[in-house]
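Across the two complexes that follow, chain A remains constant while its partner is chain B and subsequently chain C.
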Partner chain A sequence: MVDFQVDETVDITDVVCPITFVKAKVALEELDDGQVLLIHLNDGEPVQNVPRSIKEEGHQILKLTGNEDGTYDLVVRKAGG
Partner chain B sequence: MAFTNEQLERYSRHIILQEVGAGGQKRLMDASVLIIGAGGLGAPAALYLAAAGVGRIGIADADAVDLSNLQRQVIHATADVGKPKVQSASESMLAINPEITVETHRMYVSASNILDLIAGYDFVIDGTDNFPAKFLINDACVLSGKAFSHAGIIRFQGQLMTYVPGEGPCYRCVFRDPPPPDAVPTCSQAGVIGAMGGVIGSLQAMEAVKYFIGQGELLTGALLTFNALTMEFRKVRLPRRADCQVCGAHPTILEPVDYALAACDLDGGG
Partner chain C sequence: MEVDYKALKDGGFMRQIQKDHFSLRLKVVGGNLTAEQFETIAAISRKYGKGTVHLTSRQGVEIPFIKLADVEAVKAELLAGGVHTGVCGPRVRTVTACQGSAICPSGCIDTHGLAVEISERYFGRQLPHKFKFGVTGCMNNCLKAEENDLGVKGGYTVAWRKEPCTLCGVCVKICREGALAQTEDGILFDEGKCNYCGRCVKSCPFDAWEGEPGYILSFGGTFGNQIAPGKAVLPILHDKEALFRVSDAALAFFDKHANASERFRVAIDRAGWDAFAREMEEAYHG
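Right, the complex of A and B next:
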């Protein structure tokens, strides 16, 4: 189990791929290295693609939890911290 | 400033690039560029910089759109013939990207007005079609400590280089003085392949974008030439000239100078 405290939250359920990743990437860019972002995203394409793209950019996936309403919460630590 | 979802979508192909990202896109949106000449070079440069979201773009040109411009000046349409070029250009740019500000300067750029004109911008693009204007823009940018992109096109050939204060030669280091009027034909007399403006003007836009996002190498200290018949690009390294009249150790040009235009160019060409 990883200990973390969420510093910022972004909701990407209001956009579709590939803007989902773009919106998450912009939110990450605005954090300091090592800070933690909670990304609220939809089931389907977003949950399949966004975590992978974020990992490819070198950030650390801390947690992915499914909600009851077809959305997920993805917790990411920004690389470099 | 936070991006709207619409901006994220519009600029997504930029933001997704490691070298640009949100930071680079914001720098573009905060940037200003002056394009001198809304012709073969200025047309693609203006369209791409508008599309890229460069926040404020000035465009200077005294001419009206002529039917003979349309073979290469893709920012103007047939229905624009007779309209001031700056107005036609501004309409096309805002149609692509209504988020930006376009400032039109319908004027002949000369020694008496160029310093005031360029003072309001971060970067200058030389899209002119004659040597007096090219030397004038170079001298004014050197004297003002302003980065600019030089380019020229004729027939099947094009060239460009970028000047950044303190980082390499200026146009005058390389070419010293304008050729005598009428010694070298301009593209109105010699002709030019329309797509050449697209190639070289787009490269000028590329240099401006890289200047703002601070990525890669600029054409400072190098002249890039392109021959469309052989499809060869050549990058010629060029040093600064210590005795350059404008950027050398003991400059003799202390203010912008107007050189005489060749008589046949007086009605413009571009």
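Right, the complex of A and C next:
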């Protein structure tokens, strides 16, 4: 397990693909390199696609956890420049 | 002078309903053309056609309204501009491909490179009927592999490594086949459920999944007058030489068993899928 402390949180459960990824990406852009973002996302397409898109952008995924209400929390460390 | 329409058609000049006009089919491999080739095509279309082109259902380009009298001049000018004419009739047709791993994040194999190799080996080869190859990079199947007489689909044979895994949970969630389950200290992989899509490899943040690229072949697809998807008769192949041994054998089977003007599908149906599968397995094992 990787140790981390969440610096910022973004909720993308109020939007649908592909805006989910855009919203997560904008939130990441506002962070400094190495900071950690918690992304709150829905089951289905978002959880299937957003983690992979984040990886393809070069960021480090730290953890994906399922919540009891069917949503997920994805913890991402912003890639260093 | 008598016009040999068959020879014209074989060389890609498709007769139009308008007398003495042809829609000229061009050679395209894997759906790729260079900007220079486009410029040549545009110039020919303006000079000899009506300034239009038609994009065919199989990634081809046709220039309609070429006049019979201009056929030779058009051929020469195209060739000088790096553009070859296509083919029609009973032979291996345009090899189609998606963008594949060279461009697309989902791609598991280099589809365009493979399409070029297939085209160099077989394009234009005479057979009992038309024969279509198509190469798609992954399970998303943008290129519709099973619509082809011989379809190639890229996939990954995957293996999990404990050491880099942090049990983050992404792969278990991303697997659409339900092949993965997470325990307290590892990932359980049910190989029987895996469809080689490679999504676990592509999505793993820690590169704990290794994927070996492979080819899944489908045979006898036809989507014209008869509609039937191609069938897989072999396991996933990992070696390109084996792929070409199998495709050589498939074309030989077609030549041997098909009546004239009979599609590959019909020939396999009549000769029997068991017999066909046996021959493909023999070729696969070399």
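In this section, the second predicted complex is superposed on the first by the 80 of 81 C-alpha atoms of A that agree within 3 Å, B and C clash if a C-alpha of one lies under 4 Å from a C-alpha of the other, contacts with A are read in each partner's own complex, and residues count from 1 in each chain.
In this section, a residue touches a chain if its C-beta (ideal position, glycine included) is under 8 Å from a C-beta of that chain, and two chains touch if they have at least 3 such contacts.
Because the structure is a prediction, the values reported are computed rather than measured.
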Partner touching more residues of chain A, whether chain B or chain C: C
Touched partner set for A:G34, first chain B, second chain C, both or neither: neither
Which superposed partner A:Q60 touches (first chain B, second chain C, both, neither): second
Which superposed partner A:D14 touches (first chain B, second chain C, both, neither): first
Touching partner for A:K25 - first (chain B), second (chain C), both, neither: first
Touching partner for A:G70 - first (chain B), second (chain C), both, neither: neither
Chain B versus chain C as contact partner of A:V47, first or second or both or neither: second
Set of chain A residues, in rising order, touched by both chain B and chain C: none
Footprint of chain C on chain A - complex, ascending: 1-2, 47-48, 51-52, 55-56, 60-66, 72
Complex interface listing, chain B residues touching chain A: 3, 5, 8-9, 12, 15-16, 18, 21-23
Touching residues (chain side chain A, partner chain B) in the complex: 14-15, 18-19, 21-23, 25-26, 29-30, 57
Chain A contact footprint on chain C (complex, rising order): 105, 166-170, 173-174, 176, 199, 202-205
